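There are two complexes below, and they share subunit A, which is joined by subunit B in the first and by subunit C in the second.
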Partner chain A sequence: MKPGTRLKSAACDTEVMVIRTAGGTIECGGAPMAEVKPAEAAALSPDHSNGSLMGKRYVDADNTYELLCVKPGKGSLSVDGVALVTKDAKPLPASD
Partner chain B sequence: MNIALLLEMAAEAAPDRIALVCDGKRWTYGDLLAAARGAFEIIQESGVDYVALLDESSEASMIALFGAALAGVPYCPLNYRLADEDLTALLERIAPALVIGDEERVERLAGDQGHTVYAREMFTLKAQESWPEGEDREYDPGGGVAVQLFTSGTTAAPKAAILRHSNLLGYILGTVEFASADEDDAALVVVPPYHIAGISALLSSTYAGRRIVMLPSFEPEAWLKLAEGEKVTNAFVVPTMMARIIDKLGSDAKANLASLRSIAYGGGKMPREIIEKALALMPETGFTNSYGLTETSSTIALLGPDEHRDALASEDPKVRARLTSLGIPLPTVEIEIRDEDGKVLGPNEPGEIYVRGEQVSGEYKERSALDAEGWFPTRDAGYMDEDGYLFLSGRADDVIVRGGENMSPGEIEDVVLTHPAVGDACAVAIPSIEWGEAVGMAIVPREGHERPAEDDIKELVRSRLRSSRVPEKIVYVDELPYNEMGKLLRRKVKDILAD
Partner chain C sequence: MPIEPPAAECGPPIPLWRWADRQLRELAAITGSQAIAALNGLTVIGERGSVRDFEIRGRRSAGVGGSFLNPTRDGSWFALTIMRAEDRAYLPALFGKPGMEEASEEEIAAEILLNDSADLLEKGRALGLPVACADEVPASPPVEVLARGAHRFREPGHRPLVVDMSAIWAGPLCGHLLWLAGAQVIKVESSKRPDMIRSSDPQTFAIVNQGKDCVDVDMADPEQRDRLVALIRRADIVLESSRPRALRHLGIDAEQLVREIPGLVWLSITGHGATGDAANWVGVGNDCAVAGGLSRALAEATGEIGYVGDALADPLTGITAALEGWRAYQAGQAVRLGFSMSAIAAKALAEERAFGRAALDAELRAWGAARGKLFPKVPRRAGLAEVRDLGADTEKWLGKTAAC
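After this line comes the complex of A and B, so read on.
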């Protein structure tokens, strides 16, 4: 999968843009994400339902995966079942 | 990754928020996205290789930037101040292009180059009408070049620097928090559209959700009026603009700048005197020095508001000197100082500034300047102090090599500028039979002062620096040649000294 690929959640409205990825399965709401939304929505897993926030970047502990949330939803993001966490941009003074 | 994503997200989150104010007209994020999608249709249909702008900043520059991105065609704003001959050559390098702006001039200079030309109003109008809402469109995934900028060519023919979507997005996503601006925040953009700061200002304000207030051409009174009238909170200026704003504020202007929280500056060396005056005249405003290059998608190091005030208030000469530093590198880039053999230097050792990071393209149309490990040699000469503050001494190409000794013009100029009768000064290399090169100096006497004697200048340099740095030749001029961005044209000073 190339950086820049857009993935949609099968369980909620979440959409992400892939910034960095490896071989694992990217999921939202507990279900694998894909470029096309499935005809039938997947059930939202209660373990992965903390929601995604627009404009936040989500990473794994090793920084091998990075996703940018471009549309928020009820599901939370994970890779192979392990929850991703938000990466906070260091606040910088506006320079341009 | 496509930079159009920034506008798509802003429009998704707040479609009715004001994104842009230009010539009294207001545009929402929704309006701009619809127009950019319309511009995509126009660009697709024309089958061009580039989208060029030959015009001052306006809504058209934003619509063209994002429309070109959606179409996967590089956006190439051109310097409308160029002489006919130079502009013709640049237009030829991007043919066939969709050119927005000065129709008459493109027709006259490049009528036979196959361009499609639109006057600004026509382009804007057609872009607004062309989005077939509801129809599916395959927009470009953004794997290629987003922006091509011709460098100003102060030393040689302009180079075509290219910035990929990944470089610009790397910069924005790494430094700007999405939708972080308050509804009342507004950024005054006055840098010309063909300058990297003019591009990055549009991208970062869009992603932050900060209203852009455009001033198409700089004039201090108009700047102050707009800053007050639109309750501007952020602004970016080049040093010459800052000097003229300060002049105006110090004399007759009665502008209420209470809302102006932050002024960032960059694009050239800020004289210490000017920044000190600015800090005194605007005690409530935070100043940020941002250092960057076209090839690095804008800012790579910055000196923040607190560091400005701390430096000004400090008794420690080392901390005080930081007022004229470039600050510290962004957390998202790496910076190294290297010598001519590529060896990495330690603190306070002068050499060339190298930078690496996602936002660093270091790429020209013809070749990439990156080394095997991805480092970009900036050709800027400088050093870093033991706390990581970066100092610029000038362009590496401007270094004067006298008898094998490397001398930075900036170091000599800084000393000469302390003379009360010197208003401005420029040191360049002049040919010397004995030494290969020697120091030549052009001096602008300060208004209201007697022209400083040559011997006084020489003695001043001898007493503060080494005798090798004493100017061999001094000429007096009424003014030094700067380009419109405040860049000193040393090449022209060399010509003056050669006469």
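After this line comes the complex of A and C, so read on.
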């Protein structure tokens, strides 16, 4: 998958942009994400329902995966079942 | 005040200096400040480039790092600013191509030419990169009323208290002009992330932050944040240049404070606006000048595109925010005003064209022909007051912090 690809959650409103990825399955709300939303929504897994936050960057422990949330939703993000965490806020100059 | 003719190796006056000058005349009139009356527009927009010996470099912005303009597939021009080394991590996503983190400027230019400007803008802004297109229309109005509150009566002669949480140039210049107008200004910096030009550009820092008391706050500490909010509640004017979302995450609710505190004037300086999608976009002085149409204006006048001035959207915005902020303070009604740097650049350009199109075009042609020369030299302003160290006045304004 190319960096910059936009993925949509099958289980909620979440959308992400892929910053970095490897071979694993990127999921939201416990269901695999895809470029197109499925006709039938997947069930939101209670184990993956902490929500995603607009503008937050989500990474795995090894920093192999990084996703940017471009639309928030009820599901939380994971790769192969392992939850991603928000990247520590980096300096945010709005304007100079 | 007459402008001294520039030395031979220096470039011509920065276009739009006359517009800046007219705003300063207006500010001097409403504040009654002799110090502001003594300033001229070219000094304020040109003193950073002058003191730092910046060179006019065409499609590359002045100074270190910075911004560069490249053509896109659809015949426009895309400005990309790489401010921080870590921003390079987002280049693969911007171009949809792995391995771009280490790309050279030539490789980046080649990728830009494969893309349309609208796609690059949309992706770059989602990624939090300062990007702009020479042909975009600013997304927000130059000045927007975001909230209103109640009136407050101040005795004539009351010295306004300004809490200035902004950084780098536009916001601090606004705070500086308010200080010249007689306000007491408290500069608030994050303990962990002070204003970056305090160390990277001490000369400009000294010009725009002289005379301000300096307070530092660890925003992650709820007690210190609460003390800052208590200080804000005493202020007449608050000035910040955070992204609206970042401010909310810090636990500061600007609109709530404006509704609660009679007379509080809250000035929010943003790259492209404080509402809607644009509130999430990052913008700095050079790319906002491009988004405001200044580079396109240069291309129309000279046939060749480039940057006009040095981060020109910054000083144009700083002057505008001081003017609108002082007017709001005089009116006495609590208000939050959002300033969009790209829209202010566009407004200044439109007003200057209406004021004297021929003179402006002549200045743009002279600017375009001056590539390789230094920025015009402007008289260096004498320091009028001390430049305080980071946190030198924290105890005075926020009180003693609890012993650990």
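Rule of thumb we're sticking to: the second predicted complex is superposed on the first by the 91 of 96 C-alpha atoms of A that agree within 3 Å, B and C clash if a C-alpha of one lies under 4 Å from a C-alpha of the other, contacts with A are read in each partner's own complex, and residues count from 1 in each chain.
Basically, a contact is a pair of C-beta atoms (placed from the backbone, for glycine too) under 8 Å apart; a residue touches a chain by one contact, two chains touch by 3 or more.
Note that this is a predicted model, so its numbers are computed, not measured.
In the superposed model, A:K37 makes contact with neither subunit B nor subunit C.
In the superposition on chain A, A:I19 makes contact with both subunit B and subunit C.
In the superposition on chain A, A:G4 contacts both subunit B and subunit C. Of the two partner chains placed around the shared chain by superposition, subunit B is the only one that A:K71 touches, whereas subunit C remains out of contact. Overlap of the subunit B and subunit C contact sets on subunit A: residues 2-5, 17, 19, 54-55, 68, 70, 89-96. Per the touch definition, subunit A reaches subunit C in the complex via residues 2-5, 17-20, 54-55, 66, 68, 70, 89-96.
Those residues of subunit C that touch subunit A in the shared complex are 83-84, 86, 89-90, 92-98, 123, 126-128, 167-171, 193, 196, 241-243, 245-246, 249, 269-271, 280, 282-285, 288, 311, 314, 317, 341. Contact residues on subunit A toward subunit B in their complex (touch as defined above): 2-5, 17, 19, 54-57, 68, 70-71, 89-96. Residues 1-2, 5, 8-9, 12-13, 141-143, 165-166, 173-179, 187, 197, 200-201, 204, 208, 210, 234, 236, 262, 264, 266, 286, 288, 290, 298-299, 302, 304-305, 330-331 of subunit B are the ones touching subunit A in the complex.
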